[in-house]
Amino acid sequence: MAFSRNLSCFPGITLALAASIALIGCGQKEEPKPQAAAPAAVPAPAPAAPPPKPEVTVKLGHVAPMTGPQAHLGKDNENGAKLAVEELNAQALEIGGAKIKFELLVEDDGADPKQGTIVAQKLVDAKVNGVIGHLNSGTTIPASKLYADAGIPQISPSATNPKYTQQGFATAFRVMANDIQQGKVLGEFAAKQGVKTVAIIDDRSAYGQGLADEFKKAAETAGLKVVATEYTNDKATDFKAILTKIKSKKPDMVFYGGMDAQGGPLAKQMKELGLKAKFLGGDGVCTPEFMKLGGPATDGHYCSMPGVPLEKMAKGPAFKEKFVKKYNTEIQLYAPNVYDAVMVMADSMKRANSVEPAKYLPEVGKTSYEGVTAKIEFDEKGDLKGGAISLYQYKAGQLSYVETLGGGVVEAVKEAAQATGEAAKAVAGAAVDAAKEGTKAAAEAVKSTADATKAAVEKK
Amino acid sequence: MDIFLQQVINGLVQGAIYAMVALGYTMVYGIMGLINFAHGEVVMIGTLVTITVVTFLLKAGFPVWLAGGMGIVAAASVCMVLGWSLERVAYRPLRGAPRLTPLITAIGMSIVLQNLAMMIWGRNYMTFPSLIEKTQFEIGGAAFTNVQVLIVLVAGLSMGGLLLLVYRTKLGMAMRATAQNPGVAGLMGVNANRVISSAFVIGSVLGALAGVMVGVYYEIAHYQMGFMLGLKAFTAAVLGGIGNLAGAMAGGILLGLIEALGAGYIGDLTGGFLGSHYQDIFAFVVLIFVLMFRPSGLFGEKTGDRA
Amino acid sequence: MSAKGEVLLQAQAVAKHFGGVKALRDVSLTIRRGEVYGLIGPNGAGKTTFFNCMTGLYVPDGGSFIFDGAPLKADAPDQVADRGIARTFQNIRLFGNMTALDNVMVGRHVRTQAGIFGAIFRGRAARAEEAAIRRRAEELLHYVGVEDRADDLAKNLSYGDQRRLEIARALATEPKLLCLDEPAAGMNGTETEALRLLIDGIRADGVTILLIEHDVKLVMGLCDRVAVLDYGALLIEDVPSIVQHDPRVIEAYIGVAA
Amino acid sequence: MRTWFNTLTPRTIFGLTLITVALLALPFVAALGGQAWVRIVNFAILYVFLALGLNIVVGFAGLLDLGYIAFYAVGAYLWALLASPHFGLHLPFWVILPLGAIVACFFGILLGAPTLKLRGDYLAIVTLGFGEIVRIFMNNLNAPINITNGPQGITLIDPVAIGNFKFSTGSTVFGIDISGPQKYYYLLLVLVLAVIAINVRLQHSRIGRAWQAIREDEIAAKAIGINTRNMKLLAFAMGASFGGVAGGIFAAMQGFVSPESFSLIESVMILAMVVLGGMGHIPGVILGAILLTVLPEALRYAVVPVQKALFGAVLADPESLRMLIFGLALVLVMRFKPAGLWPSPDRRRELAEKAR
Amino acid sequence: MVAEPLLIVEGLRVAYGGIQAVRGITFHINPGEMVALIGANGAGKTSTLKALSRMLDPVGGSIRYQGQEIVKLPPHRLVREGIALVPEGRGVFPRLTIAENLAMGAFTRDDKADIAADLEHVYGLFPRLKEREKQLAGTLSGGEQQMLAIGRALMSRPKLLLLDEPSMGLAPIMVQKIFEVIRMVAAEGMTILLIEQNARLALESSQRGYVMESGEITLTDEASSLLHNPKVREAYLGE
């Protein structure tokens, strides 16, 4: 990231016809922020008497599994990306002197690493300007090498395996806290709940195992006793054997590293076996699906989600509303992160005043973007800085916000004492108004929590 | 001790489900020597059909028992037709073809059915409407529900019924004769096609029942649920000696128990080295050992080569 | 070459049972070099079981075989073949989807060496061996009289040709003892006569022959000595003229109008 | 050598030249459609590799093996462990590749030995079990000692490199720009030609005939003196070693391995290639492997445009439709060409007769 | 014979993949007679029988049974019409008991009382089968299996009995016993078509005989005349 912003802007100027265009591209404070909240976006202020401008199509690759067991998440991601692209196009952006039209190239990697590299190559061949994806770490990691070799910026919305950004590729970013960050927070949270003993279940997937390992470390550091470590797999439906074993160890809490499709039945079977421990899981179980599959058995259980709840973010509730209205379905999991990833990419292009990967890539690293999921800034590896993690509790079939932990970026943490009080009411799917209230309250309390958050970050 | 008992119950119920599916495999294998790899998908479709019908009827205000009953009937009917058509369309034309040909067809059919199911029912996991109010019992510190009892009962009854059918009825005798020598059975006046079709139909009905059981027990369903279940059940059938009804039952129960007890105890016995992350291996390891000493499974006939 | 007339194979108290059924009860017999030795008896008397025990397909429950001066290893058919015992099967067991020529060529396996590297690099020795295999196989096909079907799949040959081909395959292993299990089954009188000539020729080439057969005329006409099994036990072992007229044999096996 | 050289007619020379030119030009032709196609071609060759390896076991020796992917996994992990930062080892490819073959070979014998007495479907389920066992071990051997790094997989695996000439990135050779995938293509081409040659020679050798005999009738094969145990183990070992080499190249090409690449469905796919193409017939197997690798990818490109052309709209989800068509293709090919698309002449004859 | 033949075969042709195994043969069987069909291996006898028993489809010709064309009938219908085949190699069901094997013979019948009577009749013919009623057929010796196969065929109360190589692979004494029974059955008025390698035995037991050569019927006569026909003696009796 050696280029300065001005340098990267320079070719844009030479190529462009009018200086006014450069103003939009390189202008900083004057630049109107994308009005993501407003469905009918106000077009960017166009310069007077515009000559007919060239139109440039910016191709963004999007990769997620559209087939296989995680296909429902893939579709969710795709929806998030589409929503972002449509909004961007509605804004009629101009970058580097050209009208920008974003086009989404959707590819399926079937969550299979081999297909992952093939579709990655396809996107490289198609000379995409950037890639959003992939969904799984297993496909994201091998594909990231191709993008790195081709110099194409890649922002994964959901690959949480730490290795993805540890490979040293300048092109790899993610807009979500990784497993290390999340596992740590979960461990700390468990300790805060006053439990003494904990049992851990992981599904032996890259995600589940990574999360469970980090949780284990954090929990032990926090003085919890891990009384049992059991395993299942991401295709299992029957967990009674391991739960029976766990029951015999009488833990206060069961931590599950894995996805909703197993987590729901797992919670149910815990109840059937009379295992009364609290349940805690990561973002994989922080879904409507989990509650649908677990039914009443999920009541009182906890889960975490990277970022800050949509309701707590300035643009969150609006996003949720738009999404539900457009697709007539609940957000599954990562759609908001995908949306943010697209927006971050577009934002970087605007700042660089270029859609050329080589030119806007340095800008991606400098991102400071107010997304729907978090204030997005990257560290030197490309990881989300701070990586706030929010905790939720399932109550009466809905996710209710508990608190946000971690996160170094002060603005990202809109959590406040009052807000926590409100949060019980501000359940997922609750009226947007309620959420807005929470947001206001949160804004006021930013300062008071800043210190606490800093302390938390330093402890890590 | 209560843990042990609990694990036995866990294994027994899981095993009963394996056994139900294994019976379907064995039914077809016994007669045609064909591994109907798509059987797991038949089970899956049984579950999904039940969900659709029951959910619809419950919404329409039908009482639970009627909705449930009609759901089961619908699943059985759909699976019957499915099993019959599978045989008719995919397998019958391949009689006499090289041995692996129908196996590939079966795999192809399995892929087709999965993707059809995905197109019809979508990619999401579905919840199975609860048909039976779950009541919990406890014996010696081990918890179990009425649903679990019911599952074991239905599996037992199914096998009993099947044994009666195969060993006490004319159709059963025709089935056994066709299995041993279809040509000569034809000479006796047996319509081999009809017998084979009926084996598929019966196997599929068992599959549908198993599907309902899985649904009622776990209360979730997914278009890919059939694959692993089918694989496990097939393992169970081989463990017992494929083609042998009692063997399928025993193999299923045994497999369930191995998995439960393995997950429950091996970890402690090996100092944590072989914990429940190896749960799926235990069954295979036992299978391999059994087959090393009894190459035709526990109950399979010794295929002594009459040279 | 060892002298004609000395003992080639000695079965000592061979026993075999299946579950409760005693298929062989301490059968002892002796086959001498160069003779045609007949083994007859009612269906289910244990003739084929005896064959299977000797050729290593079954492990006998008692007793042993001494072949060519050394005991035969049980449960190792390939080693038995290596030692020089070849056999045919009651229900012909050819390699149906291989050509007639390939069937005989594979019979040379036990007398050839080429290994994996020979196969892959195909050096001079390997090529010479391969050529020799082919030459010998062609000779044998000619010998049994199915040379004009060399390139046909074995299963498409007529029944009689299949029987002959199976003998050619057995001969390809260069046996000292050739065991034929009901070679004349399903042949009419004329075909049986041709078979008799073939067996006679093989004997003339110095191969000892053990013959299981129900065609009494063939057995009595061809064999130097005959043994009769009944209910798994040896009833008699002697020259045909005596066996043929033994009342026990007539009652148990030959019947009235032989 | 002289003998076969003399038999070459001008026509066959012309044909051979044409094929050679076509094979040499292929990556550049494919690249016209994008480097992704070169990558697809590479995977196709890799699967040809695997299918030919499995063909030795299933096609030649008649042993139904549903766990073949295990050897592929062994090869891939061996490369990953010996040439990545995981253990800090960076052995060159000419050491690892033969080593991969040998280790996979060893695994072939290890896994083959307990299955010797089993037949048909029993063998199938046991080999399937072995395949799963290997995968599950790789998924779990991150503790107590971290050998495989568990489900996280191993990243930053070294590419194939000769000195500083790395296969992972493009460079210019004799003034021609040649991309990473294109380099791998030529490497794979050389290897696959060797594998084909080995297969052909094995099939028409004493050993190939012995395998065929075992496939046809094991008892009779034993009775004529074939040591069926050794021959079967040899088949497992040979097949496994090809899988091992293929796995190594896979790891190098991908730069990343994790257990999820070695699931059961991969074994099934390779078996499908062998059977669909024409079991035991080398050209058929090659065809099967190429078709089954390219078909799903080609469908990926075709499904949407075709639907739009036919119905004017995208009615069915392209991805599920793609798999649906794939499944149907398996069923239909088996229905109308039960011996495979390109069976050996003998096999064809056999079926013609059966059909009456 | 005044009566209409029970079975009339005209111009029957059978082919396997282009090779003609049976080249348009014509023959008939009158009610109550036993007819032998002899010939060398590969002459087409078994193919003829397979076509008759509908196990394979002829490429041409007609098979009329009781005046009715049966060339298109599926095999499982044949037994209802009264045609029973004792296949080459016995074809008993090895893992069914003897009683079950016999019950399979009566598969198409519903008349329980009559079936029981026929069972007693079969047991009367083969007392050995009765002794081993509950034994699995696979454990029987070759001769006993042949008895079972014949008994099973009789259980369908056939009008026409087709016997394919009943003597094959049997000890001489067993061959004699089997043929005794066959003659007894014939004497009861059963119509029988006998295919046999043992030409002498076949002709000695039958009234008439047909000789097949390369897919064609080359000779037909009274059985006793054929026995003395020098051609037959040379070609089939090995003299």
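Annotations
Letters A, B, C, D and E name the chains as they come in the text, with residue numbers starting at 1 for each one.
Convention: a contact is a pair of C-beta atoms (placed from the backbone, for glycine too) under 8 Å apart; a residue touches a chain by one contact, two chains touch by 3 or more.
The structure presented is a predicted model; accordingly, all values stated were derived computationally and were not measured.
Steps from chain A to chain B, minimised over paths through touching chains, total 1. Steps from chain B to chain D, taking the shortest chain of touch contacts, total 1. Of all chains, A has its CA centroid at the greatest distance from the CA centroid of chain C.
The interface holding more C-beta pairs in contact, when B-E is weighed against C-E, is C-E. Annotation: 43 Å between the Cα-based centres of chain C and chain D.
Centre-to-centre separation between chain B and chain C, using Cα means, comes to 47 Å. One finds 77 Å separating the Cα centroids of chain A and chain C.
Centre-to-centre separation between chain A and chain D, using Cα means, comes to 38 Å.
Multi-chain contact residues of chain D, defined as those touching 2 or more other chains: 139-140, 219, 223, 317, 320, 323, 347, 353. Annotation for chain A: residues touching 2 or more other chains are 71, 204, 231. Residue numbers of chain C whose C-beta contacts span two or more other chains: 57, 89-90, 93. Contact residues of chain E toward chain B in the complex are 53, 55, 74-80, 84-85, 87, 91-96, 100, 103-105, 107-108, 152, 156.
Of all residues in chain B, only 170, 173-174, 176-177, 180-181, 183-192, 301 touch chain E in the complex they form.
Taken together, the chain D residues at the contact with chain B in this complex read 58, 64, 114, 117-122, 124-126, 128-130, 132-133, 136-137, 139-140, 144, 219, 223, 264, 268, 271-272, 275-276, 279, 316-317, 320-321, 323-324, 326-331, 334-335, 338-339, 347, 351, 354. Residues 198, 201-202, 205-210, 212-213, 216-217, 219-228, 234, 238, 346-347, 349-350, 353 of chain D touch chain C in their complex. If you check the complex, the residues on chain B that touch chain A are 3, 6-7, 10-11, 13-14, 118, 122-125, 127, 134, 136, 138, 143, 145, 214, 218-220, 222, 224-225, 227-228, 259-264, 267, 272, 275-277, 279-280.
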